[in-house]
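To keep things simple, chains are lettered A, B and C as they appear, and every chain counts its residues starting from 1.
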Amino acid sequence: MFDQIITNVRNNVPLVHAITNYVTVNDCANIVLASGGSPIMADDINEVTDITSIASALVLNMGTLNERTVASMLAAGKQANQCGLPVVLDPVGAGASAFRNKTAFQLLEEIKFSVIKGNISEIKFLAAGEGKTAGVDACEADKVTEENLKRVADFAKAFSKRTGSVIAITGAIDLVADEDHVYAVRNGHLMMSKITGTGCMLSAVTGSYVGANPDNVLKATAAAVCGMGLCGELAYKKLCELHGGTGTYRMLLIDEMSRLNEIMLEEGAKYECL
Amino acid sequence: MFDQIITNVRNNVPLVHAITNYVTVNDCANIVLASGGSPIMADDINEVTDITSIASALVLNMGTLNERTVASMLAAGKQANQCGLPVVLDPVGAGASAFRNKTAFQLLEEIKFSVIKGNISEIKFLAAGEGKTAGVDACEADKVTEENLKRVADFAKAFSKRTGSVIAITGAIDLVADEDHVYAVRNGHLMMSKITGTGCMLSAVTGSYVGANPDNVLKATAAAVCGMGLCGELAYKKLCELHGGTGTYRMLLIDEMSRLNEIMLEEGAKYECL
Amino acid sequence: MFDQIITNVRNNVPLVHAITNYVTVNDCANIVLASGGSPIMADDINEVTDITSIASALVLNMGTLNERTVASMLAAGKQANQCGLPVVLDPVGAGASAFRNKTAFQLLEEIKFSVIKGNISEIKFLAAGEGKTAGVDACEADKVTEENLKRVADFAKAFSKRTGSVIAITGAIDLVADEDHVYAVRNGHLMMSKITGTGCMLSAVTGSYVGANPDNVLKATAAAVCGMGLCGELAYKKLCELHGGTGTYRMLLIDEMSRLNEIMLEEGAKYECL
């Protein structure tokens, strides 16, 4: 189903403007490059609109946010909306502090997002203004399982309808939804939760994919989610051969993204349309 | 001697709130995960107390500090003290600038630390308000050697008594002291000084270990020091097999931490009680 | 031609003060260490002059610059000039926003640089106040080729004469020029553009090399450019044996720098004096 998504990325080399956290920013830059895009990180209020103006996509990631960067996110987001650029939101840790909560709601109110990507706790928090998050990881009680899959899918569709955004909910099972369609994705590996930044990297890759496929945001997002998960599986396979640990795994994950192509994705993607 | 320390970490998955430098923050996050904890980096004054409130430990690292983050460190530290959370101080580069010096003394005055971890120059500077540091590495003239070991041990105990903190002094020989006990640790490898961040990673792992073992801070700190050093040795062994350089070594160090368990630590730890 | 350059670095362990971006800062710190130097990153206005005063070289890198760090760059640069310390400018993304442009020109006006290192778009922008940059990469139309080599060489010499700085222009062919000499360097590998930070790492290594060879800035810069490119080649060779991707390549690049010595450089450097 992903025919031209990756090819478009590798041919068009979308410039991805990311305002993101300083914890995983290097991984995000490297995985955007690995995915076929070109990253540019710039967060000063004096230049974000200039940078957004020359970009193909904007990614706003709420990890390590601060007052200075929140203002920059708002300015860049509005500029992107004005230019018709796709904007991806990664509401890292939404629910974990009053400041993140306020910021998340303000971003949702003032910016139109093409994609909102988070774990179930973060997305539920955004949708409901309630729920709890334990740090930046999804709380145990709030997993997407085979049992609640249908319910969460309906929730994702409803939230997509309300926001006009493609909603990507990550977890053991990932969901990618617009108001009419939901894909359940079963790619990925538990090992991905043992390194920092796999969520951030996914939102960065999503920026790259939607940047090169702005008219096909749902499929581009699903391709990013399947692709990232598939890279996680392939990296784990390689890790076992190398008898490596989590440090090696982080490296292999970017390796696999740098090799990913159309054929591998079609063969390796495990999704169903709910 | 470390019976339950690591098991407690892997079972409890302590949330470690770190306000740290942007140079080594990714390594710190990844090694906290590798150690069995869960990292959260947040440094905005508007949210640090919220984040500290849900954490199991707080780590304050003075690398790349700035006025904004100093205020956040103070707020988070006070909150941690109020919640009874263990707080680890890594006074990176104390002695190198008037600003770091002032900050270090202010942190010491306003916050009660469970652990203070630094190289001998940094710790001497904190204790005496004198001494010199050449950048962020210990000055040559100030090494812990077999000759001055006893003297430095007494100094560490006295500083522990004065501050009420466990004192960890890192170098070729590491010392971990409270006011009554001193462990000399001979784990580690020279190669650890050829990559950035091994000191920061140790303080992050210490946060993880004391976060899961708040009633056993001395042993948890000693376990972190021995464990980190042991990982440095194991990583070097692997490095020789792979004929790698310092880039590979950095990765292997995190690999080894992700594998470390109770048995490996008991067998590999090289410490003596002075 | 590089007889003592690397030996001086490994013997003197120059302290390199870098005010740089948070995307590639860890790679910069690790490659300074790998090159034989000692990195210190500090960017608060309250301490940059203190830190510069104890350093052997200062590197100013404009990636992710912001108002706070621009003020720090100016203060540190002036202090370095006063102390007679070599200063390296990496005008990342000059031309991409009004803020970067203004900052670049202000830095050029207020600070005397020993070395200015950028891609052809960035350097042309600095020299002419015109030209366009697409994000942080050189625009296609603006490559250094065998055809325009002589012309770009003359341009580099003229810009060196005007600024008093050694000019390093990076690309498929690199140029290193003072007002009387130009070296064309044909080291390097295309793979270096597939990871973030190779440009930043080069300016960091240049800081290390000129810091230990302050009286030989032209050759030290040429050595850094050849050395970095050579490491890129050697890393690619190793990458093919390992069947790795871009994640592995990043690691191998630092590995190679940690091994680089005088003899390897003399044998592997591909330069001609134009």
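One rule holds in what follows: contacts are C-beta pairs under 8 Å (C-beta built on N, C-alpha and C of every residue); 3 or more make two chains touch, one makes a residue touch a chain.
Model, not experiment: these values are computed from the prediction.
*Asks:* How many degrees of rotation bring the Cα atoms of chain A onto the matching Cα atoms of chain B, given to the nearest 5?
*Replies:* Superposing chain A on chain B takes a rotation of 120 degrees, nearest 5.
*Asks:* At the interface of chain A with chain C, does the proportion of residue numbers present on both copies reach over half, so same, or stay under half, so different?
*Replies:* The interface of chain A with chain C is built from mostly unshared positions.
*Asks:* Distance-wise, how many Å sit between the C-alpha centres of chain A and chain C, to the nearest whole number?
*Replies:* 33
*Asks:* Spell out, as numbers or ranges, the residues of chain A touching 2 or more other chains.
*Replies:* 22, 26, 250-251
*Asks:* Tell me, which parts of chain B touch chain A in their complex?
*Replies:* Residues 15, 22, 25-26, 29-30, 33-34, 38-44, 46-47, 50-51, 54-55, 68, 250-259 of chain B touch chain A in their complex.
*Asks:* In their complex, what parts of chain B are in touch with chain C?
*Replies:* Against chain C, chain B makes touches at 21-24, 26-27, 63-67, 93, 96-100, 134-137, 194-197, 244-248, 250-251.
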